[in-house]
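Pasting a structure here, questions to come.
Should a chain be cited, it is by its letter among A, B, C, D and E, assigned in written order, with residues numbered from 1 in that chain.
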Amino acid sequence: QEKTEPVKLTLSTTTSTYETGLLDYMLAPFEKENNCKVHCLSLGTGKAIQVAKDGNADIILVHARADEDKFVAEGWGVNRQDVMYNDFVIMGPKEDPAKIKGVKSATEALKLIADAKQPFVSRGDDSGTHKKEKAFWKKLAITPVSAKDSWYMEAGQGMAATLKIADEKSGYVLVDRATYNFQKDKTRLVLLMDGDDDLLNPYGIIAVNPEKFPHVKYDLAMKMIEFFTSERGQKMIADYKKDGAQLYFPNFKNPRVCK
Amino acid sequence: MDYILEGISEAFRLILSSDSEFWNIVWLSVKLSIISTLLASVIGVPAAFFLVIKKFRGREFLITVSNTLMSIPTVVVGLLFYSILSRRGPAGDLALLFTQTAVVIGQTFLILPVVVSLTVSTIRSLDKSVSETSVSLGANKTQQLLMFFSEARFGVAACLITAFSRVFAEVGVSMMLGGNIRNYTRTITTAIALETSKGEFGLSIALGIVLLAVAFTINFFFLKFTKLYRTVD
Amino acid sequence: MDYILEGISEAFRLILSSDSEFWNIVWLSVKLSIISTLLASVIGVPAAFFLVIKKFRGREFLITVSNTLMSIPTVVVGLLFYSILSRRGPAGDLALLFTQTAVVIGQTFLILPVVVSLTVSTIRSLDKSVSETSVSLGANKTQQLLMFFSEARFGVAACLITAFSRVFAEVGVSMMLGGNIRNYTRTITTAIALETSKGEFGLSIALGIVLLAVAFTINFFFLKFTKLYRTVD
Amino acid sequence: MFRLENAQISFSGFSLNSGLLEFEKGRIYCLTGPNGSGKSTLLKIIGLQLQPDSGSVSIEGRAVDYGKSEELLKNRRNISYMLQDSRLFYASVFDNAAYGLKIRGLGAAEIKEKVNKILKMLEIGHLASRSLKGLSGGEAQRVRLARNLVIDAPVYILDEPSAGLDTRGRELLAEILSSYNKEKGATIIFTSHHKEEAYRLSPEIISVIDGKVSPIPRENVFTGSAEKTGEKLYRFRNENISSIYFSSDHAIKDKVSIAIDPEEVILSLTNVHTSARNCLPGTVKNIKEIPSALQLTVTAGEDFTVLITKNSLEEMSLKENSPVYMLFKATAVKVIN
Amino acid sequence: MFRLENAQISFSGFSLNSGLLEFEKGRIYCLTGPNGSGKSTLLKIIGLQLQPDSGSVSIEGRAVDYGKSEELLKNRRNISYMLQDSRLFYASVFDNAAYGLKIRGLGAAEIKEKVNKILKMLEIGHLASRSLKGLSGGEAQRVRLARNLVIDAPVYILDEPSAGLDTRGRELLAEILSSYNKEKGATIIFTSHHKEEAYRLSPEIISVIDGKVSPIPRENVFTGSAEKTGEKLYRFRNENISSIYFSSDHAIKDKVSIAIDPEEVILSLTNVHTSARNCLPGTVKNIKEIPSALQLTVTAGEDFTVLITKNSLEEMSLKENSPVYMLFKATAVKVIN
């Protein structure tokens, strides 16, 4: 059988999916079966979408529902599919001075933190996580500003770095579960609340629109979407574990919609 | 190209604005960079003199180490001091992490090798007759060193400018040790990193242009003021 | 401190390992940095000579611009070339973005001002008698320039080492233009950035130590081989 | 060889004009004049190191075109030019001395032979592998000289070649230049602030004062034959002069030029027996007042210039056509070339 | 003032030992010797620029302690030291000349006055605001001299101060040094490769050959009074010498030292009338053979040294105790100090 040079496919994605190793795990069989080489760009959500809008990626995998819809609506992308979700948790100092332990709703927990003026470290980088957090403040009609509100800090950095700042400042922080699993042994902070449906974090996969950029490898991109949403792909996601914990939950068939 | 054009117009808007957050960021960048450059000079220049003047075993080795340390990535410097300043680290009780002081410490360390290596090369390329002549005319140690600098003024200028540039442009240390905390430790470069990660490329470029404009102004006045350009030639 | 200790032991493990992915990353970093340094020298050194030898209006201005451009943050260089090389940019059809070539282009541009500024200062600090004497003994233009370099060899060494260090340590350009794609454009510094963002600080420090070890080796052989250390003094 | 026609150059506050100035192949010229009078500047113009603002320089009848860099380089390489403040490069003594040969593309073996030879001639052979560090002033000057003298060129232009040299060094330099001139027919142009040097080597003297150039007549220089008459003692004669005794440490071939310093001649009215080997009868031909002394021309076969004080003249009541004897020691006679 | 006891220093292939060497306050010393013989090295030791490997240097009876840097600096500042290859700094001529005063902490007005004065004395006042660019060799040397001579120090140590100077420059230098010595009692130590200079200025001559130092006796140096006898003509006398005529362009105060070059003296058996102003009767006291000549000691009130050729001696059949006349011109007599 003749072997041709593998085709290059550029996937623009958020840091979290890449850094947890999920993509390396998923893409190995895909590359083999399709004789292609997937170039993963692991970027912040905003940057990941922007790079695709500039025509520099063939497909994106991100978690920022509103932005994803806008991306499709403006015609940059086609065929958005739900792939999986994980969720966020709130971490904080063991002493829990704001007393959020046991509270069921994330909105309520943040209100307690704000009322107690306990340090809270925000991603502050317009990432999916930051957007989620901002949605809670909006609901509470609070607009905290870094430094002006002495308890509120915008880190403007990635998840791990933000968590480290929270650790240093003994503050509360909104963390995705993958990062939590990964860092829980390296931080003094502990998990104080999770399980609220509001904290769900769904991922979508979108092919870049070949009408906008004729050079994109649309067919291959479609194949990848098919692969991620196939029964086999979904099972692979469910099977992916790190230190015995499942990181992502497939949801192509039954999207758990979050408000 | 869109981003560049967008960046240019945005840069003008920023510079003409009276947005206090923006100007605080600019001022913080300048302040931290100048302090770091000064500190690194105060430590690095005598060290360089020592390396050139004293003859001892391992001198060339130390110079090579200094040359090597010019290659240290900013993030690594950030991580090293993070490890030290972190609550769990040996200097954790000082609570310096994510403060401006931490940034200055890291930045000083970052450019120390630049100052040392360039000063060493500057002094080495000077003729021995400089110090011999000034001594023969009655110069004391300080006056002798001053004459070294006066004779090597183009080299010294280049050294200071290079060190300042390095620190003004760096992001890794400021990010790791300052934390890019809004209204507190956010500098132009960490702001650029943030905007870039948000995909706000135009704004990033605008901030880059602002940074260059500031650097140009500083260079210009530095050179004018210290008369480090050849007036006698 | 834990991270530092972990970093040191991890660094040893990596260096002693035969992990081909790791060694490819190291090799790519070295390769790209050397190519960029060479390119920047080939362009920058003649430019510096031009700036020193030719007298024209705006010369000091151009030198100040070059000094200023030493302050350009790596990310901004990355963004500028991103704008140009991006599919929607003017050079989009070349499909160079996220390739090694793109990194080399960006890095060369990044250190060009370093080469120009330091070379200018090196040549300026040389006495006129160097060129006059070589001409009086019958040197042609090339031989004259060679003598300049021979006489300024410590300055030249410092200039090349500084440029190489800058590019070897930089991450912004490699990240923006290379994309940190595994097995393709991942360099030591982008790997460090990745590990840092994962929170794997120990591994980051280990990679930093590896980078410094490589830099030390290169510096050492560069200086030995080119005999740029003062043999006559 | 070289011909300068009103070659002119100006700096703020100083300007030099060569007037019409010619240098003939195979001769030796010495430029003298006060500090800052323009000697070095003039040398640089002759040696094509400096382009005059106006006027022309021609070499062997061909005007130099400063635009043609290749031709210019070729012409320059025919000149071994030593700047007054020529720089020693950061390299060993040998490498410094070899530089001119190296850039002329000579082979390593040839370079080695020639350089070692010239270093030995200048008595600094033992310094070959030394670095510049610690070289004494005179040693450094000898290295500079070696660097220029090792080059095989038809023309040597040397700006104050004897600066910093001891007596022996000046002697060696004169010997080498003289042999280059005699054996290879080399043209030599140099500057000096010391009269002895001009006397020792250079029949043609060109004075540069305040940027104005004027060849000046040679004083008491005579050419003829010599024969040995004693230990280190020689007797000079030519068609007009029957005998002048002179001493020399070196063997003298039969043809020789000698020079006598006008200040070293004593006039006497009678023929006396003294330790002065020379006592020539002659006639005062001309008396000229110059600052602080009188300059007499005395004919004794050839014209001699003699400097005496005014008082002596009066005391001896010398006039034109007075008969006199000229007394001078054998050591007052310098052998040229 | 300075006393060196076996001060010794070695470089690879060269070593210098001062032996016992003393320099007295208020005198002038000239070091002579071949290139590389160690003159500059010796000067550096005397001037505290170089610490000897062994032996001692004492100043006014106090041994120099090289460990005490403050004391060392104080001592150094009492010396205006001019290195053989002293460097001009990248600054204007004025600033260069002012350097020594500036680091001694003088006020701006005083510096300005002094510097301008010395520049004028060295006839380079017009260069004050010039940069180094384009300075001629002699001009640069005058700037170096100005930089050292402007310093008011009890001791001047100058390594080849006359290098590159024209005749006028050497004259100015000699005048200034002489006046510093006479008026301020300054001690002056310098080196030179030119005999005239030693004769013009320095009664005490110290020879350095191959690292070995030996003070050599002064020749034909006499001290006495002078009176003017004609235009530029003076008559010297002291208790032993009744009259020696000499010429001088400058006014001579009554006390004066003179020196006569042994080579410029002619011996005569009879008293003759010549243009030589001086004809002193004396007696041959001693005859000594030296390389290439004979050295006679002739007593004529004081002892004179005279150099003549062997043949002259034989011809004149001079022996010890022969009566002779010494002939020499007024211009052959050099005024010292």
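By our rule, a residue touches a chain if its C-beta (ideal position, glycine included) is under 8 Å from a C-beta of that chain, and two chains touch if they have at least 3 such contacts.
No experiment lies behind these values; they were computed from the predicted model shown.
Student: Which chains lie in contact with each of chain A and chain B?
Tutor: Shared contacts of chain A and chain B: C.
Student: Looking at C-alpha means, what's the farthest chain from chain D?
Tutor: Farthest chain from chain D, going by C-alpha centroids: A.
Student: Could you tell me which chain lies farthest from chain C when each chain's centre is the average position of its Cα atoms?
Tutor: So the chain farthest away from chain C turns out to be E.
Student: Express in whole angstrom the distance between the two chain centres, defined as the mean CA positions of chain B and chain E.
Tutor: Whole-Å distance between the two chain centres: 55.
Student: Based only on mean CA positions, could you tell me how far chain A sits from chain E in angstrom?
Tutor: So the centre of chain A lies 91 Å away from the centre of chain E.
Student: Where the centres are mean C-alpha positions, what is the separation of chain A from chain C, in Å?
Tutor: 35
Student: Which chain C residues touch at least two other chains?
Tutor: In chain C, residues 82, 88-89, 128, 196, 230, 233 touch at least two other chains, as defined above.
Student: Give me the residues of chain A that touch two or more other chains.
Tutor: 158, 161, 164
Student: Residues of chain D that contact two or more other chains, please.
Tutor: 85, 133
Student: Got a list of which chains touch which?
Tutor: Final set of chain pairs in contact is A-B, A-C, B-C, B-E, C-D, D-E.
Student: Can you list the chain C residues touching chain A in their complex?
Tutor: Against chain A, chain C makes touches at 82, 86-89, 92, 95, 97-98, 179-182, 184, 194, 196-199.
Student: Spell out the part of chain C that touches chain B in their complex, as residue ranges.
Tutor: Touching chain B: residues 1-4, 7, 60, 64-65, 67-76, 79-80, 82-84, 88-90, 114, 117-118, 120-122, 124-125, 128, 152, 154-155, 157-158, 161-162, 164-166, 168-172, 176, 188-189, 192-193, 196, 201, 204-205, 207-208, 211-212, 215-216, 219-220, 223, 229-230, 233 of chain C.
Student: Quick one: in the complex, what on chain E touches chain D?
Tutor: Of all residues in chain E, those touching chain D are 11, 13, 33-36, 40, 84-85, 126, 134, 136-142, 159-160, 163-169, 193-194, 230-233, 247, 249, 263-264, 266-270, 272-277, 292-293, 306-313, 315-316, 327, 329-331.
Student: Can you list the chain A residues touching chain B in their complex?
Tutor: Checking each residue of chain A against chain B gives 43-44, 46-51, 124-127, 145-148, 153-158, 161, 164-165, 167-169, 188.
Student: Quick check: in the complex, which residue numbers of chain D touch chain C?
Tutor: It comes out as residues 47, 49, 69, 73, 76-77, 80-83, 85-87, 89-92, 99-100, 103-104, 131-133, 147-148, 151.
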